[in-house]
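A, B and C are the chain letters, set down in written order, and residue numbers restart from 1 in every chain.
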Amino acid sequence: MLTGAIIAGIVFGLYYTLVGLGLNLVFGVMRIVNLAHGDFLMLGGIAAWWLFSSFGLHPLVSAALVIVVFVLVGLPIYYLVVPRLLRSRDSEMLSLILFFGLSQMIEAVTTIGLGATERSLPPRLLGVGPMVLLGTRLPKAWIFSAVASAVAVLLVYLYLYRTRLGTLTRAVMVSRDEALATGIDVNFVSAVAFGISIALAGVAGVFAPFILGSITPNMGVAINITAFAVIVVGTLGNPLGTLLGGIIYGVSLMLMQTYLSSWANLLPNLLLIAVLLIRPEGIFGRKVRRA
Amino acid sequence: MPDVAATIRADARNRLIKRVVLDTSIAAAVVIGMGVMRGVYSNELMLFNFVVFLALAQGLNIIYGFTGYLPFGYVGFYGAGAYGFSLVVMHLHAPALVGMAAAAAAALVLAVILLPLLRLSGAYFAIASMAAAQAVYEIIANPGLEDITKGPYGVSLSDVFAPAFSYYTALAILGATLLLVVWLRNSRFGMSLQAIRDDSVSAAMSGVSVVRGRTIAWLLSALVAGLVGGVFAWHISVFYPDTAFDLSVSIFSTVFLLFGGATTLCGPLLGVFILYGIYNVIGIAVPQYFQFTYGALIVLLVLFLPNGLVSLLTNRGIRVP
Amino acid sequence: MSPEPLLNVEGLVKRFGGFRALDGVSFHLNPGEVLGLVGPNGSGKTTCINVICGLYTPDGGSISYDGRSIGGEKSHRLVKAGINRTFQSPRPFLSLTVRENVEVAAHYGDPKPGFDVDALLALLELDRFAQRPAAELNSAQQKTLDLARAMATEPRLLLVDELAAGLNPAELSRMADRLRVLADGGMALLVVEHLMGFIDKVTDRVVVMAAGKEFFGGTLADATKDPEVIRVFLGGGHHG
């Protein structure tokens, strides 16, 4: 039972890496917290549900569409609010409030348009029956979602380390001021990072019905706490550290569900608080406490 | 020279007295106004909700306006208060006022447990406090604790149901909260909190105990929310954990506070009267319209008026009570 | 030398990770004396001030003030005990008025009863701005306000961190005079400064630091003749 929980945890962990990755990318590049991240994820799930129920599109096709559309949605949002936000005195704190507002707007519009009901996709879309992985039987839909997540994470890695724009993005992450001084178009680099981040949330949303069970308009807040827990457990501002955070989170979640299932919902909350308080500098490499 | 100094000191004292009198009159007018309204206007629940948000916005003002910490999980104290009240009344059949004491105690205990969160800086504090409120909710609403908290099925407190008494108790809490804010705005302690907010190192080098100041503000803020949560439980008498820990309570209070302008007495009052007024006038049939409007308001405020309505005056050097 | 110095620093050590910012620095300071702390950038001068005023906890050595050990004590307690400092970049309370900035310190910093905030503001020529928000002051005025905040707690030991940076010659000369007046009134001052002219005008004695420890103590005139001091300063790429 223990190995089973750990293997399932790793599979889930790959998915949770995808959930947190975009949030961390935006934080790393812009030092702002996109508290509407979970709501973009929800929108990705709604899109996948709609594309399937209206046109019978396979989630993989939906994922490709979602990436394109969400990047295109992310760019104008970036240019509308972020540059102005970054000029303010305490942009980190204000970003939190602003995107919290955006999150409320998205949740409200979705509820008005579609009602508050749960929506799901048939798991058979991603393969029928279980698959045995190291002696543990897992639904094929889980494995499929985990593999898709791993591919998305890999693509982000390739973007950051194998492309010119990615190199510039990493330069901005190290020091925004110095990047500006060297003549890097920081605004453009940030806009692209923001677009990618929104697209990552959208893709995570496409697979959410298979991993989380269903999509509801008000799921954003809970997802945000989860995503934040994942990136805090990994390293804030370091997108690749998110993988570590995702796996730790996934495994602890599965252990909780195996041994203490009725209290599993407590996990992201407690994990987040515990890590923030106990090992802020150690895991972060970034100071989050006040002097 | 001494005459000049004495004149300056006398001037300063007169100014202070004028301010305190003005601030206190505003506080009194609000409390009396809300008391009179109950006799005039029949929708008591709506008036009660006004009192609740007037107090909550000011309670949040104590911690955010004066120390700069914005707890997204402020509702956690409200919920703790509601359940502190309910548990004592349900299990011990205690009278309502004992329940109110339990509400205060529950919020204060939670605030003490969460004291370490104050070590976190702005954004992390906000999110950690939200996670904390969610955690408390998950515990209270857990079906495993049905025998104690009634889990997700909600509590019923018909034994102590007393709409008038609970309404006036809420008014008293509001009055006390407003006086607290008046005190913070006109006392050296309140000044020291703002000093800590502006620069904690300089504050320490002024002899201010930063930890002590923040702790007191945090406990006071939690106490207000706990008392309001308790009186909410008393007045409503039937509710679910989803209601007591509804994140909208945090959202509404935050929006009202930011809209009006933190650190002032009038800002949060204006925020509640204007925004919650509109909310009630237009109707609550489709709450999502308001969720959308409030969300949009938050975005616009952060971008264009980060210090709230009152900053239209304060930016011109006019003091707003 | 008086038998009992007000401040006695012995073998003070402060590490940041593997880096020893202070590596066993020792010096003492008497009441009414102005001691200059000079040295190249990164030699540990500001760290020294931060440790003495309680912002950092020392990792080794001892600090005794007024005959008792104070290493690791909280800043606000040290302020009440009579230690204060100014900042290289002043950090006033921007949303409070100038008078309120000083009032906070005068209330919490335990000066003698009846301390006159307005007289202090007048003395430092800040009275004109008393009711203005501190955010409206220029940087020289903010430095003066920072000094006013420190003085409002009536310190017996004042740690002055790069007061001269950003001041014009006239303001500089006025600041130097103010510090001398404070010392003549019995206050002990520890002055960290790059500007040798300022050090020359203000201090009685200097301690030269490099790499976290002192290696010269004496008058500035002797220091400038010391071959080791010259080597460190030229080697450190710094010319006062």
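Please note the rule applied: contacts are C-beta pairs under 8 Å (C-beta built on N, C-alpha and C of every residue); 3 or more make two chains touch, one makes a residue touch a chain.
Since the structure is predicted, the reported quantities are computational estimates derived from the model, not experimental observations.
Enquirer: Select the category (line, ring, star, complete, other) that matches the graph of chains linked by touching.
Expert: It is a line, because the chains touch in a row without closing up.
Enquirer: Sort out for me whether A-B or B-C is joined by the greater number of C-beta contact pairs.
Expert: A-B
Enquirer: Using CA atom averages as chain centres, what separation in Å is found between chain A and chain C?
Expert: Result: the chain centres lie 48 Å from each other.
Enquirer: If you average the CA atoms of chain B and of chain C, how many Å lie between those two points?
Expert: Their C-alpha centroids are separated by 42 Å.
Enquirer: Report, in whole Å, the distance between the mean C-alpha point of chain A and the mean C-alpha point of chain B.
Expert: Chain centres of chain A and chain B, defined by C-alpha means, are spaced 33 Å apart.
Enquirer: Where does chain A touch two or more other chains at once, residue-wise?
Expert: 291
Enquirer: Going by the touch rule set out above, which residues of chain B reach two or more other chains?
Expert: 201
Enquirer: Of all the residues in chain C, which ones touch at least 2 other chains?
Expert: In chain C, 55 touch at least two other chains.
Enquirer: Which residues, counting only chain C, touch chain B once they are in their complex?
Expert: Its residues touching chain B are 53-55, 74-76, 79-80, 84-85, 87, 91-96, 100-101, 103-105, 107-110, 116, 118-119, 146, 149-150, 152-153.
Enquirer: Spell out the residues on chain A that touch chain B in their complex, using ranges where they run on.
Expert: 33, 81, 84-85, 88, 90, 92-98, 100-109, 111-112, 221-222, 225, 228-229, 262-263, 265-266, 268-270, 272-273, 276-277, 280, 287-291
Enquirer: Given the complex with chain A, which residues does chain B contribute to the contact?
Expert: Going by the criterion above, the answer is residues 70, 72, 116-117, 119-124, 126-128, 130-132, 134-135, 138-139, 142-144, 200-201, 247, 251, 254, 258, 286, 288-289, 291-292, 294-299, 302-303, 306.
Enquirer: Okay, in this complex, where on chain B does chain C touch?
Expert: It comes out as residues 5, 8-9, 188, 191-192, 194-195, 197-199, 201-210, 263.
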